[in-house]
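Labels run A, B, C and D following the written order; every chain starts at residue 1.
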């Protein structure tokens, strides 16, 4: 399998397993080596009485995108930590998209940057995740 | 109203409004000035096929706790950003508790530290949030 | 003055004033709107007995670059906070370069990403800074 | 050697080696297991024309304190990353003190919180560092 096909196959294995991202209605748009893009609609369960989306769920969208990006080389990796900056509110009905790009991968440590935008391409949040690779592959016979 | 009563009354107004925290089954255990404690059970919706809780939902628990702590002075405040370090996995059925304490409040900026522990008092994650106060009170006639 | 000339003029005013960056031997390589690049040689004062550069001084190089980038629109801005990930050690004699790029500027808040590399173009650290604009211009008659 | 004596002995070995902290005039006030406190005077080299201390040097003080705290168990550890929030300016002549406390130590990862205050006990900055232990002891025959 080439690297692009392997990234897709690894993503399929992750997705099958990922109850929380499905429960939140996320849609995996694209995964390639060092990259992932996932979208999510802001539903009534996710907002407060002012129709503002809970910041934790914006983080969760970015965190799922981070997970798909940092596992895209087929080497299992977990989040060691992450930081988010909230730049604009997300509202009921918004279509959010998180795009994640690998910035660095040195030894067992990776750094990935996610940007969360809405359907008007306005920047809602920026998220930086630090990953640590662990033992094991996703596609085991790759 | 004294400060402790005001913190409780502000928390009640926030809770009434907070669909996401209710949807995730959170329980507000205690709120006082500069402090909040909220718990959440890890349900099947929150885990992957290895029964590990999605990091975004651990973040969300800490983020709700942060919101209650940084609004506990009755002055409305929002999250400007946050960082989390994941120290141990949370598992299906775990009873997580996030405890948040104000570290600094200077001008419009606050810094709050949350610790997330499980039912065995093991440390699952540490979270630091930066808040910005905005115009408006929660209890308006306080 | 056009925006590029204004960024240069603002940088000159900042540089004149910046004892610490001069003391550490920094050299401003380029400043344009939303961008700065500064270099620094790792001297014996900056290292420990194993010839490893103190992480705080790597941070300081990135922080100066951040300051020049976030003031490049001629609107005065200060650092609200920053996070750094150390990816590889810097050694005695290394020529470090920090390159900073604006990621977001919304209202008074800016997010800037700096990468610190050595003379072999190896990535030493990534740094994300959050700025807050304050009153006042650098070039006052612009 | 008991743990307190070992922490002191480890600190002495680190200090002997630490050109940068000496160059910046730092003074190690106290080191015990999971704890360090270091002070530094803000000198003319450290300030700009408005007598404000460079944020990078405030970071460096906290970073040195972090290093002494995370090496206080005699197991060598390095900084993986750190985040700082700047809360108030430090001025020429200020006597800054950074106090660092271990928050978590799980496997190879540690989390340490530093607070930087001035001579009036005003909070200047908060700093959170993530450490990774590496092979080797400081006091080798402990």
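Please note the rule applied: a contact is a pair of C-beta atoms (placed from the backbone, for glycine too) under 8 Å apart; a residue touches a chain by one contact, two chains touch by 3 or more.
Predicted model, so just to flag it, every value in this text is computed and none were measured.
Using the touch definition up top, find the fewest steps from subunit B to subunit D.
1
With contacts defined as at the top, give the pair, A-D or A-C, that has more of them.
The greater number of contacts lies at A-C.
Farthest chain from subunit D, going by the mean of C-alpha atoms per chain?
So the chain farthest away from subunit D turns out to be A.
Indicate whether more than half of the residue numbers at the subunit A-subunit B interface occur in both copies; give same if so and different if not.
Same, since most residue numbers here occur in both copies.
Between subunit A and subunit D, what is the separation of their C-alpha centroids in Å?
About 34 Å separates the centre of subunit A from that of subunit D.
How many Å are there between the centre of subunit A and the centre of subunit B, using C-alpha atoms for each centre?
It comes to 22 Å between the two C-alpha centres.
Where the centres are mean C-alpha positions, what is the separation of subunit A from subunit C, in Å?
29
For subunit B, what residues touch not just one other chain but two or more?
In subunit B, 80-81, 83, 85, 109, 130 touch at least two other chains.
Residue numbers of subunit C touching subunit D in their complex, please.
Going by the criterion above, the answer is residues 16-21, 23, 44-50, 53-57, 59-64, 78-86.
What does subunit D use to touch subunit A in their complex?
80-81, 83, 109, 130
In their complex, what parts of subunit A are in touch with subunit C?
Checking each residue of subunit A against subunit C gives 83, 85, 87-88, 103-104, 106, 109, 111, 113, 115, 123, 126, 128, 130.
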